[in-house]
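In order of appearance the chains are A, B and C, and numbering begins at 1 in each one.
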């Protein structure tokens, strides 16, 4: 969080810096003043154009430790402004009724392949926002993903504002199989740390000593410098115990937090990794048998995520296949990300940490946690409306909202609409009924005035019509119910024939 | 704050408490003791036995009874009694697993992990190798089998690959980790493996590079076997095939595509009335499901559980969901391990359920249904008196990846215990 | 209208007596699809010197004028394919060459030009080879033996090949940035000229006027700021010459040259808009129709801009399904204008063009839009819509004669007339 506030301060300074020359210019060039005024009016017009979005009646899992029932999430121009049970929704706001369903933050994939429909490195200029892969990503709940060196958002149908951050992760090579890489890296870190120390001394002393020269930057790796300054994260690819220990020690020595992809044997050195403040990006189902010659514990373990997490390592989860795989074998590609997280729970990871592993932790790793990863005021309005528990194998994303716009509706796409279709009408327009103006569903229709002594004819009361958007969802006939899902026969025993 | 997991379990218990009170009304204090008459006998000298109890017990019997709580008594490796509540006879230890879910051990009819890898799967010289056996290639207790047990899988049909029309005889066995391989064998040969999709065309010579040729090869061999059987002749080269036609051995056919599956069903249900199971049945085979259902051919689906390209509607088709809707009998699922790791058999069921199949049916699809389809339901597939004591204890819904396997029993002995052996999966 | 025409017809013999008889004749057809004014039954078309003088229903014809009686036939304007490489065989690169003209690549002797006339195509737009910005297309009439004889216009449109990537977007951004630079430079030159010559009489030299003695000097690339002192009092303002690679884009910005951008998917359109930024430009689109193309995702934006879309007459599918989509009809409904190209750039495809478009009409596209898409729309794309493309007064007499409805599968082309001359078939009495 120290890093985030630093970045905020830097951003603020940059903003002020940007504004300053503008202001001065309008005073200097008299001829341009009217133009500037025009510009200002245009800007204001743009600002005033507000787009509101409100999600109502949702059970919201914020990711900050609370499950809030029956909430409205209000967003203005794609940013969440309010989360409360009673919210004044401005006129003209786009609405989404999440009644009976759960709301989660949009999932963040630490890395993926093909979700942006583009192969080039310059995502901003090559993204295909109509790609079917992007639709499938949204259908599985993924709203942001790392790709190559950028962190980007699955903005369906739009190309502006796709890239959220670039070059926040610096990949470093460190492997026991390549001793020179280890030595190389240590030397570079040492040189960079030395430069930083000298630079800080210089900063302190230059006010009093004008003669002092800036320390030479020659030989200082700029990538490592940014890591040590906390402006980016160092990322390693390591599975073996030796490599992990080495990285942990390097990190502790030079004071940075490493991101480790793979982290296969992490569970054997979890304490060290925890002390180093490491992030682990792992696949719970990775199988790697340790050599039978080794006596010490090793190889992969389904409990990897749980053990690392219990020692303070921040765990992010990715599946074994980073792209979309429609070849037929379901369950191990990027569109089954929540299933992979479920396997970490199998190994003992608490459910809240498993959800964090596909939301806020990847967001931190990609440097976009100030925008996504949880449902909080001030963050982007990226929401998932799901017909059950996020990690339940039968839950489907019903709606996905990105930057305050609904970009996916399961029933409106061909992919999954036929599977356990929704019965409630979506996007029901909000209706207001003033007190005293409700229609009494049991009121008998007017009949003839009963003759004296006769009982009035009893009209058949009109069928109980549920209010808009309140049709109770039909019980799926024989599916295991979600809450602790029991695949049990409905009603008494002895129904189903063998 | 109550953790999420607890929340879910409490919810589950609350739910099933309501439900089971209705379903177990007739079963209160009832003990199903079909094998023994009257009260349960005490444990005698030289016998082994245990009584197991858990909050939820899925019998997978013909009435689909789920007992909550449930108890079962094991004597000498066989289940003797299953019920809601009964007195523990003298000499029996009671193991109470508390809020756990008990299911029968899982059954997978299409597996290749007996050899510990892809080696030794196939000989692809002769198109018909009905006499080839898998048993010489078995590596007992190999890591894949260890994880299989940790995944709750207790009965496997280990088979050769699909490079030839009749690949060989497979072995039905239980992957025991603390006993000899021989003591785990249910039947050897346990069945014959036939391949009728494109794979056999790989190893074909002059004859058999087209489906017409492959079909002829099979029919020729089968007609010869039937001829020998009818004449009472003994022919060593046709021994296994004759057993098939005598309905002593089942056949598992690797087949896919609408042409492959159509042909398979026609041949092994229409032309030859033998015990047969159609395995894989993926790609556009869903188009011929009505024919498969009409002919009464059981389908064993996997490793592919979904189909997209041939759906022609831009949608993902769940293969088992489709078969269920059409009415294909005795649906079962497989891993085709190691294509899908053996321990992920349950995930195949979960994915099938995700893409539209009934969740409870998918639990049947990895327990009693494959046993019935293959004719081994007298021994495995459900928790009923008289059957083998093969069962798995889990922390939750067996289809849910989040539920861990705690203990696995095979033939009344603990073969995997998470607390003792470490969590292997 | 009818009386006026009769008067006109009456006037002509008077002229005829004064000079040698112009190539003047009249055609009577059962039906004329004018494209500009709907269908005319029993139409009479008067043609002189290769141009349509008048057209109307049942117009009386003066005696003495040769009449071609083709009552059993239908006539429509000659077909226009504005996007072809027929008769051309060079390869292109991946360079930025807006100054190149396809005209310089022309090979008039190619027999494809004679054969394409048989298919009813009387006007072709030939574009240069290559990706990125290969240059300008030229409009030609097939038939004549010389390039000059074929040429209708050298600057039909500028072709731009665009796909979603940083290089293509940068290329476009830079091209238009250079135009901005030139406009700035020109403005400064003008201001300086005005300042230097305050109070004196001045004259602005239009950049298109090329005085013979200056031709040599201004042909080179590079900007020269010429402040020519014409003799005596008048000072002539000569705007700086834009670089030859900048000029085509300058012409686009000034609306003098059309831009045709080839794109492959909906995302390309969004990226194109992003590269063009806030500029108010009009351009047209070449969209090769593939089976599962997703261009419908941006049909509203395309329709709002009233772009022309050059496309094959093909039915596509909603991706992943067998659901048919009539994209021509969808785009047209949103306000875009359709130009139909043959399904391939081969003589065979040109011969099937009418039938293929007929299939799209059968699937729901308006007949009027379809007829226009084969004729006038392509002509307007190339900036020669005032000259040909419909059966109207003063337009070239490019006619296609058919023995039935142009979109009926069995209909045959019986004859083709190019600027008043029969180039295929027989129209004898």
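Methods note: a residue touches a chain if its C-beta (ideal position, glycine included) is under 8 Å from a C-beta of that chain, and two chains touch if they have at least 3 such contacts.
As the structure is a computational prediction, the values presented were derived from the model and not from experiment.
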- Most centrally placed chain - per-chain CA mean versus overall CA mean: A
- Query: Which chains touch each other through the most C-beta pairs?
  - Reply: A-B
- Between subunit C and subunit B, distance of the C-alpha-averaged centres to the nearest whole Å: 70
- Item | Distance between chain centroids, defined by C-alpha means - subunit A, subunit B (Å) | 39
- Averaging only over C-alpha atoms, locate the centres of subunit A and subunit C and give their separation in whole Å. 51
- Message: Using the touch definition from the top, which residues of subunit C touch two or more other chains?
- Response: 318-321
- Query: Considering subunit B alone, which of its residues make contact with at least two other chains?
  - Reply: 308, 313-315
- Note on the structure: Flagged in subunit A as touching 2+ other chains are 414
- Contact footprint of subunit B on subunit C as seen in their complex: 318-323
- Note on the structure: Interface with subunit C, subunit A side, in the complex: residues 117-118, 120, 122, 124-132, 157-160, 414
- Message: List the residues on subunit B that touch subunit C in their complex, please.
- Response: 308, 311-315
- Item | Footprint of subunit B on subunit A - complex, ascending | 287, 289, 301-303, 326-331, 339, 342-343, 345-348, 350-352, 389, 391-394, 414-420, 477-481, 483-489, 491-498
- What residues on subunit C touch subunit A, complex-wise? 164-166, 169, 265-267, 270-271, 274, 294, 297, 318-321
